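Take a look at the structure set out below.
Chain naming follows the written order as A, B, C, D, E and F, and within any one chain the residues start at number 1.
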Amino acid sequence: MKKLEIVIKPERLELLKAILEEADATGVMISNVMGYGNQKGITALYRGTRYTVNFLPKVKVTTITDDLKAEKLIDQICSQLAQGEAGDGKIFVTDIADVIRIRTGERGDKAL
Amino acid sequence: MEDLTMSVETLARNADILWTLIAAILVFFMQAGFAMVETGFTRAKNAGNIIMKNTMDFAVGSILFLLVGYGIMFGDKFMGLFGTTGFIDPTTIGDSYFIFFQTVFAATAATIVSGAMAERTKFKSYLIYSAVISLIIYPVVGAWTWGGGWLSSLGFHDFAGSTVVHSVGGWSALMGAKILGPRIGKFGPNKRPNAIPGHSLTLGALGVFILWFGWFGFNPGSTVALVPEIGDIAMTTNLAAAAGGCSAMFISWFKFKKPDVGLTLNGVLGGLVAITAGTAAVSNMGAILIGLIAGFIIVFGAWILENIFHIDDPVGAVPVHLMNGVFGTLAVGLFAIPENFGGTAAGLFYGGGLSLLGSQLIGVLSVGIWTSLTAGILFLILKKTVGLRVSPAEELEGLDLREHGSESYPDFMVKG
Amino acid sequence: MEDLTMSVETLARNADILWTLIAAILVFFMQAGFAMVETGFTRAKNAGNIIMKNTMDFAVGSILFLLVGYGIMFGDKFMGLFGTTGFIDPTTIGDSYFIFFQTVFAATAATIVSGAMAERTKFKSYLIYSAVISLIIYPVVGAWTWGGGWLSSLGFHDFAGSTVVHSVGGWSALMGAKILGPRIGKFGPNKRPNAIPGHSLTLGALGVFILWFGWFGFNPGSTVALVPEIGDIAMTTNLAAAAGGCSAMFISWFKFKKPDVGLTLNGVLGGLVAITAGTAAVSNMGAILIGLIAGFIIVFGAWILENIFHIDDPVGAVPVHLMNGVFGTLAVGLFAIPENFGGTAAGLFYGGGLSLLGSQLIGVLSVGIWTSLTAGILFLILKKTVGLRVSPAEELEGLDLREHGSESYPDFMVKG
Amino acid sequence: MEDLTMSVETLARNADILWTLIAAILVFFMQAGFAMVETGFTRAKNAGNIIMKNTMDFAVGSILFLLVGYGIMFGDKFMGLFGTTGFIDPTTIGDSYFIFFQTVFAATAATIVSGAMAERTKFKSYLIYSAVISLIIYPVVGAWTWGGGWLSSLGFHDFAGSTVVHSVGGWSALMGAKILGPRIGKFGPNKRPNAIPGHSLTLGALGVFILWFGWFGFNPGSTVALVPEIGDIAMTTNLAAAAGGCSAMFISWFKFKKPDVGLTLNGVLGGLVAITAGTAAVSNMGAILIGLIAGFIIVFGAWILENIFHIDDPVGAVPVHLMNGVFGTLAVGLFAIPENFGGTAAGLFYGGGLSLLGSQLIGVLSVGIWTSLTAGILFLILKKTVGLRVSPAEELEGLDLREHGSESYPDFMVKG
Amino acid sequence: MKKLEIVIKPERLELLKAILEEADATGVMISNVMGYGNQKGITALYRGTRYTVNFLPKVKVTTITDDLKAEKLIDQICSQLAQGEAGDGKIFVTDIADVIRIRTGERGDKAL
Amino acid sequence: MKKLEIVIKPERLELLKAILEEADATGVMISNVMGYGNQKGITALYRGTRYTVNFLPKVKVTTITDDLKAEKLIDQICSQLAQGEAGDGKIFVTDIADVIRIRTGERGDKAL
């Protein structure tokens, strides 16, 4: 099983949702993060004092799937979400040792 | 004895000034109401921008209306069309307390637009628009009506400004929202509207309460004199607001299966706008009926605007100020009671026939044509020159950061 | 000369109307204060629901009080118990400005309850409750007192409504909170209370300031006439509020080692409620003492309610409006100075003996019995029929989503 | 006839009371404005603490000003320096409505300081400071001026308190902020200032609107009588505010390439403070000019304070209240028109030469020396005894949790 | 060492806290996520326009423990938190390569 | 590749940012968590009822780097961020199976 952590701009979330739903992802967790990558931060102003908002709001979408679906998802995301701009985001893949469904106690692939 | 007469007269006059000034102060506070409603009903990433627009249209408008607008509205008329005296220093043709009262009314008309054009309009263009409406568009309508121009001679009755103030703001809002186009993401494929919920229902509701409060200056204060009827006017004002809230709530409950918070709050505002023209001319029952219809207009008006005309009006300014402004003005032709303080002819339902309704219609149409034409041309010129709309990237990131370099809620995690 | 006399009389009368109307407008604005206090002191997931309850009890109440309530309160009395004339169109028995003034008072009584029953009451049932209190419960109490009924004949003195308005709201709040039961999670094992902090201290504080502001209409406006004593009344009002805040703060500091924000703000409100009955009858020193005791009642009253009676009153409506309403009414019997504007008998501390205190006690008890009985029965009927409480799942997810399908803060990450 | 004369006189007197009381109520509401501005422009973790400071300085101040302050200000003067009668019960030397009016003014001076000292001052020390300013510092200044003391005999003109109220608050704020030192993280290496953005621009803006609203009581109400000139005063007040907002916006736009929200809002406040002294003495054009300069002072004053003097004033209280208070007082010496209601000598620009400007300067200096000395000594004593500042750990975690054990926004994810 | 990411409904947090405390978990991180799993989203309304809040607020509780304790915790959670309803939540288990205590620089199990 | 999850007090964030920038971290994600570790919670008060805020606000900074840089970073952080107090924070290290840059579809080290 793989955990995909997909970090994108907030405004692309709707599209990613659609991709995930189509790919039949069994579950998803979304959280807000402040990100810093190739995309540069911007300068803000408060009462005339400049400061850098060098962290931009990003959305992190986490989904755990079996290895096969993971690969398909990665392909889908790259093809549909790439706009060719800095800030398009990244996917981080981790191995998952186990999954447990609390309701039933089922473990592993069955719990997905 | 003569002395005494004089001092009684002075006292009476001072009492008129007192009441008018207090009413003007209440109307001023409606600016805070508009700011809260508009910011509450839009997204957090544009909150600072809306605040700036609401502050600056009042600030800029206050100065320009003094220098030019008041003269156009109340100066000696050229063919009943616009005034030609009293520029730069209008205290030569009017008293300060009255100029101040008129200033806050002008500002109300101006500020309505920012809500309909929220979350995508360039700040610079908004400033220019708001200068023009305070300089010309609103004062000309004011000249026709309260300034003693041609419409008032026709018997057109708009006591506190359903047409003069609210529909002027409403028509401009409609033209602006139409020419600007919808926010990114507002309409899906097949033009199906998506909801873009506002970021704080509590601030929105606070704004509605502040507006309701201020309206007790807006309507009863439009007597511009201390007369006992201010109590009656406060009653009709309150009843229409209450009825507007009730009917919008029940209709939304029936139509959507749940009592909708946003529509209910807009229903209150719709009731207030609708009663504004006839507030001194109708009975309490008339006010309740007007409010009930106003709530209905809110729910269906908002629906039609989005689903039929595909116009994106983030805070519902068009149903509130335009549709109910028009309805309220016409309602005078239906519900007016001649013996009331307003002193109009009788409305249709009180045996007055169609004559009053006729003049009301002429008023609605002429103001509508004037305002939508001038505002439309203004927005089109702005579009071709300075540009009316921010870039998509700016819109997506939010106008706060891009237009003002500011964050409105830096301590909180704000969703995209 | 006769003309002059007439115009002076008219002027004096208009001045009375002016003051009463302004006071009524200030009292109206207290609705915004209640809305902010109640929403600020409850959780974000129920903010829209509280807003709706506060808006709708005023909207529904305004219309029903006009049609029925005013007649019960001020119509010709049946045995000093309730009025029987002036229904549907009360302008036949009273002036609009006065009806409006009474309407906003009635609405204050009605709106108190929503706070105590917050975060778990069905919206539909709340609407029904709020109709009944505006139709009957409050007007009957009003008939007994300000309407000239039996209690007023007894010498019972409640200048601006510690009992008539606040304790009526407070008793209903107590019955509602009791019958409804506590919010899920409020009491742990062994009935140990848990804190469920409100979602915005700033909105709560804003609400308190708005209420304090509105109270300057509530108390001084209850002269219903322009008399020089409005200044004295404003003074006692302000001093009691200030003293209430101070004592609640110092007592909480002493008791809990830290000056508690919520209790201090409630202390201000407690002082305001407590001074309301005697505001025209006590001295400045009396007002300060009343305020100091009020703050004490807030801190210990809230504690007792939770820890001894295990009643869950999310915003502290019972200590504020009921306990201090009762205390304030009795305080008249202690602190009243006969030569003051209120024109009562002397209180115990000014040599008047127990007689005034006696009538005050009768007033407190009779209103308490009437209100808790009728409100209690009403809530029990609602419980058996429409249901008083939302399902646990709805309560856990929040009333906003389930009852209104709305989110109050969609742009922010809100904790469960 | 005599009766009639009497009743006209009573009526006129009651009308004066009415207007003064309403104005006082509006000024009271400025407390809510200050609370919102100060909390909005500081961080979420200190919101409850700022609320408490704003509530308690008013509560404590109300009581102490009654018992002592009013006597010092309006009691029989000792050598034109301070009053010596009317303690404990000032109704022996003044009417309640007037005492109340003076109380809310005193509270305004007191409350200014909390903003400049926000986010790091011990609550206990703040309470002590706020007691002393209401007891002595402010009343003495008031005695010199409005109380008929030595400054007023000099021809010093400060109609509504640019110096008496705002600069007193402003000097104390400056001394407090200086002695306290900057917030942790405010200045980087080489004393380069860092921005510490406030947590809610919307609450801040709401506060500004509330203050603007209240100022229509502050300035026109300072007639303390119903005179027709209240309209003119409202006009100059509004124009200066509007012009202050405009100039701060355009200057910040020019200087920082973007129209800054915070500075624009402060510009409005700066314009209000600056017009306060001369509001009854200058023309509309004069008011606009004063406002424009005020906006300029805001932008550059804030910059100089941070970048040259390295003083940390989180909400900009010093540029708003001190710098513009001083400027506004001097501006009277420039722009005063003798025939206006204020009844001063002519200012420099109206042919009056330097004489009025001279007395204004003496007023500014003497008040500045008195206030900064007494406030400075007070803060130094506090620093040595109870301690003025919370510990670094408390400051980092937030004063809400550590000083009050409370969280202001427990339902939201708040960033550090 | 294992990292357990436990995703539950917010209202069950108090119970989970108790379980963790009893099991002597050495540390915990809590964050808000918007989740989507077997539990369906609900329909919201804004000014008469319907929209789907298909992501429900969830709480993610992360704790890092040694392998033994991890198993015990999983058992405890399944037995005490299962109500048999969709939405009871899941546990995701990942291997942790190392842990460092910043204060002391200690690594591995000692740093827990 | 390693994922470092660094959990610290919010007020230390600026310092950590500087360390990361200096170390040339290619990207960073910051999120708010409520934490519970050796540092004890504190007691809050609401209307006179005490409750324990036993979870303190922490900032979680996540960065994915190659193994070498990870070690250097850990050293840097321990030496610069340790104040010797409970609450200084921890670093959790996990192996990352893969990283994908959405814009280009690049994978692995190249995507960092």
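Quick notes
As a working rule, a residue touches a chain if its C-beta (ideal position, glycine included) is under 8 Å from a C-beta of that chain, and two chains touch if they have at least 3 such contacts.
For clarity, every value in this text was computed on a predicted model and none was experimentally measured.
Hopping across touching chains, the smallest step count from chain A to chain C is 2.
The interface at A-D recurs elsewhere; of C-E, B-E or A-B, the pair that shares more than half of its residue-numbered contact pairs is B-E. Remark: chain B and chain D have CA centroids separated by 33 Å (rounded to whole angstrom). Averaging Cα coordinates per chain places chain D and chain F 45 Å apart. Centre-to-centre, using mean CA coordinates, chain A is 18 Å away from chain F. Contact with two or more other chains is made by residues 1, 4, 8, 11, 15, 18, 22, 197-198, 200, 206, 256, 258, 260, 262, 404-407, 409, 412-415 of chain B. Residue positions 31-32, 44-46, 50, 94-95 of chain F each touch two or more of the other chains. Going by the touch rule set out above, the chain pairs that meet are A-B, A-D, A-E, A-F, B-C, B-D, B-E, C-D, C-E, C-F, D-F, E-F.
Taken in their complex, chain A has these residues touching chain B: 9-11, 13-14, 32, 42-46, 50, 53, 57, 59. Across the complex, chain C meets chain D through its residues 1, 4-5, 8, 11-12, 15, 18-19, 22, 26, 43-45, 197-202, 205-206, 208-210, 212-213, 216-217, 220, 226-228, 230-232, 234-235, 238-239, 241-243, 245-246, 249, 256, 258-262, 264-265, 268, 284-285, 288, 409, 412-415.
Chain D contributes residues 1, 4, 7-8, 11, 13-15, 17-18, 20-22, 24-25, 28-29, 31-32, 35-36, 39, 47-48, 51-52, 54-56, 58-60, 62-63, 66, 89, 91, 95-100, 103, 123, 200, 203, 206, 400, 403-413 to its touches with chain C in the complex. Considering their complex, residues 44-51 of chain F touch chain C.
If you check the complex, the residues on chain D that touch chain A are 193-198, 252, 255-256, 258, 260, 262-263, 266, 299, 302-303, 306, 316.
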